[in-house]
Amino acid sequence: MKNTFGTSVSVTIFGESHGPGIGAVLDGLAPGIPVDEEAIAHRLSLRRPGGTISTSRVEPDRFRIVSGVFGGRTTGTPICILIPNENTRSRDYETTRSLARPGHADYTAYCKYHGYEDYRGGGHFSGRITAALAAAGAIAQSALDGQSIRIGTHIARCAGISDLRFSDLGLTDLESALMSVSKKSFPVLDPNAAEQMRAAIEEAAAEYDSVGGILETAVTGLPAGIGEPWFDSLEGVLSHALFSIPAVKGVEFGGGFALADMRGSTANDSFSVQGEKIITNTNHNGGINGGISNGMPLLFRCAVKPTSSIAREQQTVDFIEHTNQKLRITGRHDPAIVHRAGIVVSSVTALVLCDMLAQRFGTDYLKPGT
Amino acid sequence: MKNTFGTSVSVTIFGESHGPGIGAVLDGLAPGIPVDEEAIAHRLSLRRPGGTISTSRVEPDRFRIVSGVFGGRTTGTPICILIPNENTRSRDYETTRSLARPGHADYTAYCKYHGYEDYRGGGHFSGRITAALAAAGAIAQSALDGQSIRIGTHIARCAGISDLRFSDLGLTDLESALMSVSKKSFPVLDPNAAEQMRAAIEEAAAEYDSVGGILETAVTGLPAGIGEPWFDSLEGVLSHALFSIPAVKGVEFGGGFALADMRGSTANDSFSVQGEKIITNTNHNGGINGGISNGMPLLFRCAVKPTSSIAREQQTVDFIEHTNQKLRITGRHDPAIVHRAGIVVSSVTALVLCDMLAQRFGTDYLKPGT
Amino acid sequence: MKNTFGTSVSVTIFGESHGPGIGAVLDGLAPGIPVDEEAIAHRLSLRRPGGTISTSRVEPDRFRIVSGVFGGRTTGTPICILIPNENTRSRDYETTRSLARPGHADYTAYCKYHGYEDYRGGGHFSGRITAALAAAGAIAQSALDGQSIRIGTHIARCAGISDLRFSDLGLTDLESALMSVSKKSFPVLDPNAAEQMRAAIEEAAAEYDSVGGILETAVTGLPAGIGEPWFDSLEGVLSHALFSIPAVKGVEFGGGFALADMRGSTANDSFSVQGEKIITNTNHNGGINGGISNGMPLLFRCAVKPTSSIAREQQTVDFIEHTNQKLRITGRHDPAIVHRAGIVVSSVTALVLCDMLAQRFGTDYLKPGT
Amino acid sequence: MKNTFGTSVSVTIFGESHGPGIGAVLDGLAPGIPVDEEAIAHRLSLRRPGGTISTSRVEPDRFRIVSGVFGGRTTGTPICILIPNENTRSRDYETTRSLARPGHADYTAYCKYHGYEDYRGGGHFSGRITAALAAAGAIAQSALDGQSIRIGTHIARCAGISDLRFSDLGLTDLESALMSVSKKSFPVLDPNAAEQMRAAIEEAAAEYDSVGGILETAVTGLPAGIGEPWFDSLEGVLSHALFSIPAVKGVEFGGGFALADMRGSTANDSFSVQGEKIITNTNHNGGINGGISNGMPLLFRCAVKPTSSIAREQQTVDFIEHTNQKLRITGRHDPAIVHRAGIVVSSVTALVLCDMLAQRFGTDYLKPGT
């Protein structure tokens, strides 16, 4: 299924950048989960553009829960969340309808949909649809809160500047850090790094250019034994979902690509008994052995490519006329989206974990009092 | 489904390292595809350990096609390939049954299967099951050959030594390189690099240690328009399957993590008209825009962690007794598996592409003469 | 996935009887399919209650297409159709919250959702959600129209009165009959039978009771070769979807249960050459051999149980207090729903066939001009 | 997926009538389930032809468990069961390769597989593949035994002769009846009816003809709350699987088609408190309300058409030459398969229920001691 993901808990997304609205149907979540509209609104605000480093198209994201919530709690039946598009200026896009914006999906959409696609603002390919994932993710996180499973994402790197790393923190510090970044619209641990990143983004914007970055995510509280040996490994299912997020071009777990240069004696995470628990002394495997969680924090990183829309002139083609062309993208765009993508990564992670927990422990597992 | 992957074309795998055998059921492939048992045997030989840099457990991989092939061609119904285990020495494993080998799945398997798991040689988690993927992948590649879709994987990096890069080659050179690496048991483009890598692996082995690496894969001939905007993006589906391969801890497409440090003006692949075709002038997006193939070569890289089994003593736990322990792994192991994993990556890629092409163009698309 | 059905073309439904609204997300349909809002409205009107034989709750079904349609045609991306609930009177239901209405899902919903379910008017179990299927089915039928695939459903039997049978008609008469019943709000071929059925329904209503019936469906124009030998047989997939329709308790193909009393020499449909075509001389197998369409009309019948809500007093339990109780259902209910269910059966059939055709021939097959 | 069914617990089948063998991969079943090879062999013997009313092709069904069982118990990983074909006489089929046997899938297979299909003995369409379902079902039933969930199927009707009905029995008698029929190779409750049925089958055989019948199945011990309101209703999922069984052309739950002629006041099953339990006073809904189990016995019936292979001459076509032909089927065939299909229906039911219980309560639910 093309726009539906998940097995026991699934999410279906729909919408186009400049159509009437976007949304998600979140199905299979346990009944009784508190649905806090303010928490959803907060999550949407973290994804929403703002300030000097974002597009000036700001949608109020006045979402509406159409189904699946009764008396402030999930019923267990599908939750449809609808977010109207209110601030659309379609005329920005029509003149360049058949010019392929480099880095964007205009040309591939044409190959796939034969010209029937809604080409305005990227249509169904627009990053705007991630607002639906963020809203659904807020409810998924509410379910995980009941099991003390915490998720947070920060900008590990942006425009060549690095933040502190989750992987260097002990469990207590990590949990505080997760709490802290989950509230920030520019989620960086080190305030100096944050300031430098912002400056670099503004510099790129001034040069009609854009920057990318790396997001690092950690999850604490996930029990051991989640995931499958082969195709439904925790890495496999998470990466599948994470690559759905526009601009993500790499996903690595634990040491990731750095493991390629390590020796086994370093990369192997040796085990120890710690009171009632079994822990690993390092976490190069990112909390996953053989596709299955081992009880350590889940750790992974996503590479986010620089925003494709830039204001400077670019070489391209008219894919209908089959001619070479120059293109200067006007309209409203972000010099960076890495800071806005953090909450989307956390949301997608929450959705996947709700699904995998429900598959493992049943559909009632996340219900209050279970 | 836990051990089944794919939608229109699917593969189901089964087996344990030390049980009677392993195998795969490949379902949904178009009828009429030539099935060449020698090509399957060759592919299995590329995955099979050999020489001084591999385990001394060598399985002959005398596979048997139980169903789905008639008159040397696929029938269109499920193909069961059975590979018996012949060279098993189970006594190697019994004494260490409850000692978690660091980097392995022993402890997580116990958390998930409560002690009922077949613990001999990693059981169902064993890399041996990838032989079934390689065999199924040989048939999938035969189907792709009919459409001139070529796949190859080489060791881009191993033990700190780098090979040439597919991404630096023009299309003609790339196709020759794919052909060349597909026949090598140690698939490296640059013979000097290959020699250094082998030396480094032997050095690690001599120190009772192991090394990892990075595999780079390219696909040529894939038409534009394959993949979906969101959850079934080409990146999402491929990564899901690739992370199923044991030891893969990172997957990146095109520039991947390096994109995080680029500016948009560099990372964007500008388009040009080239005769009848539309091409991109660079390929930082790895042949994929918005989750959909754009007609350029598909390019991705997998991080392979160093082999977990090393001969030196390691700190670990007895997860049944809940005590700290020392462990020295005996038995037969590889100081590196990155060279053997290459054909598995190519095989998994072939399986995924057959599925995505069949979803896009129908179940007859890969049939001869279509 | 619980509220999503289909593989290449899928539909996701959501909503509760007395919540803000209901709807469907139709995904994967080919791009370029004309979307005629009047056709959708007409189909909704066929399902809508009306006259003396239906509930007095009449919803205007002012649907809104939120996504996936651009310039009056499908884009190929998910189509969200939203139908607000406007005429809800929730107070009818609250006093009987924990009394299990016989024949309804109140008790099983409580077992599954632990009291968090929206109990008003059956909540998510309400037949009202079939309006979303009818709307989505209208678009699916528009896609099938392009391939001259016609679907129609009539009341073969109601309250003991039988209509003529599709299975007795030649192809030309059958196609006219399909056309005719597709426009009727009380879809019966024989006007006398229709009159008697209406009278019987009114009689049951006068006795505070309800009646059921049998729906017969035919499909013409479906090519041979659709369906799979085993689990995705045409019968299997269609029945799966048809049993989703509330009150359907039996599904039979071709001769169905009557085949059990036939001899093979009668039940076997012998083949003949008819010009360019191969036909069967009878159609006891309902157009399906070995799970796969044979080019003859698809024929099947659904048993619809009498409406569960009846006005007379019934014995039941309070499932929270765990006591025996008497219940007299007030509110607005139908003495029969079999006539309203016909369009739902046709709609579900259209959705399933679009999916199976897309799986077989690719996602572009139903696109105009393919 | 074409030959794979199930979500949390799935089964994949493969094989052809005259190929090397057939088999199944059963995946996702809880670890620790006892696997009794004798019980599997017994189940296979119930499906195996025998005596005067069956084909003279008798396969010994010497199955082999290739994976997923360790120490006599399931490991939780995929169980591959392989059943070699030993008694094949392919020459019976070759001369009639392009003659469509009426009632069989020869012609539709040709439409779908374009002549690449293995046409010997029905190939992958052969009823022989149900042996794999019976074997997998034996293990599934072993898992259900741990929860005291009992399944039995008998011939409710054959050649016009009716047996007693499960639906007329009280719970205690029903459980005895289930036990009794599960051991019979000709599963009929009433010995007189059994005798008459056998005589009627022999009579049909003597006239070179065949008969069909109706199978009735009951399940006791299934907890309330299993199933989903819409697409994954218990009826929907069960029927999907049941229609996979060759010759099944109708499925009805509870009163089924007879409900169509009832009034609501009869068809509604009123509720009562019975000690700790809530029961319904009748069971016209077959233990299912709104798609979800209500704790009463599950009751359903399958229509089995008469065996398609009959020895008398039939009219048909040569679908390659496109000519009318006469066909007289030689070889070894059954005048009835309804008695042999009973254990297949029970097996498929066991597989589906294991899946639905695992989805509802988690993958450990059926594990011993849970």
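In order of appearance the chains are A, B, C and D, and numbering begins at 1 in each one.
Simple rule for what comes next: a contact is a pair of C-beta atoms (placed from the backbone, for glycine too) under 8 Å apart; a residue touches a chain by one contact, two chains touch by 3 or more.
All figures in this text were calculated on a predicted structure; none of them were measured in a lab.
Comparing the chain pairs C-D and B-C, the larger number of C-beta pairs in contact belongs to C-D. Ranked by distance of CA centroids from chain A, the top chain is D.
With each centre defined as the average position of its C-alpha atoms, the distance from chain B to chain D rounds to 38 Å. With centres taken as mean Cα positions, chain D sits 27 Å from chain C. In whole angstrom, the spacing between the mean C-alpha positions of chain B and chain C is 45. Within chain C, the positions touching two or more other chains are listed as 1-4, 7, 13, 77, 112, 124, 229, 364.
Contact residues of chain D toward chain C in the complex are 1-5, 13, 100, 102-105, 107-109, 111-112, 124-125, 129, 157-160, 204, 209-214, 224-225, 227-233, 235-237, 239-244, 246, 248-273, 278, 280-281, 284-286, 288-295, 301, 303-310, 312, 314-317, 319, 322-324.
Note for the complex: chain B touches chain D at residues 1-4, 6-7, 10, 12-16, 19-23, 25, 27-28, 31-32, 64-68, 70-71, 73-80, 82, 112-114, 116-118, 123-124, 364, 367.
The part of chain A that touches chain D in the complex is made up of residues 7-8, 77, 229, 359-365.
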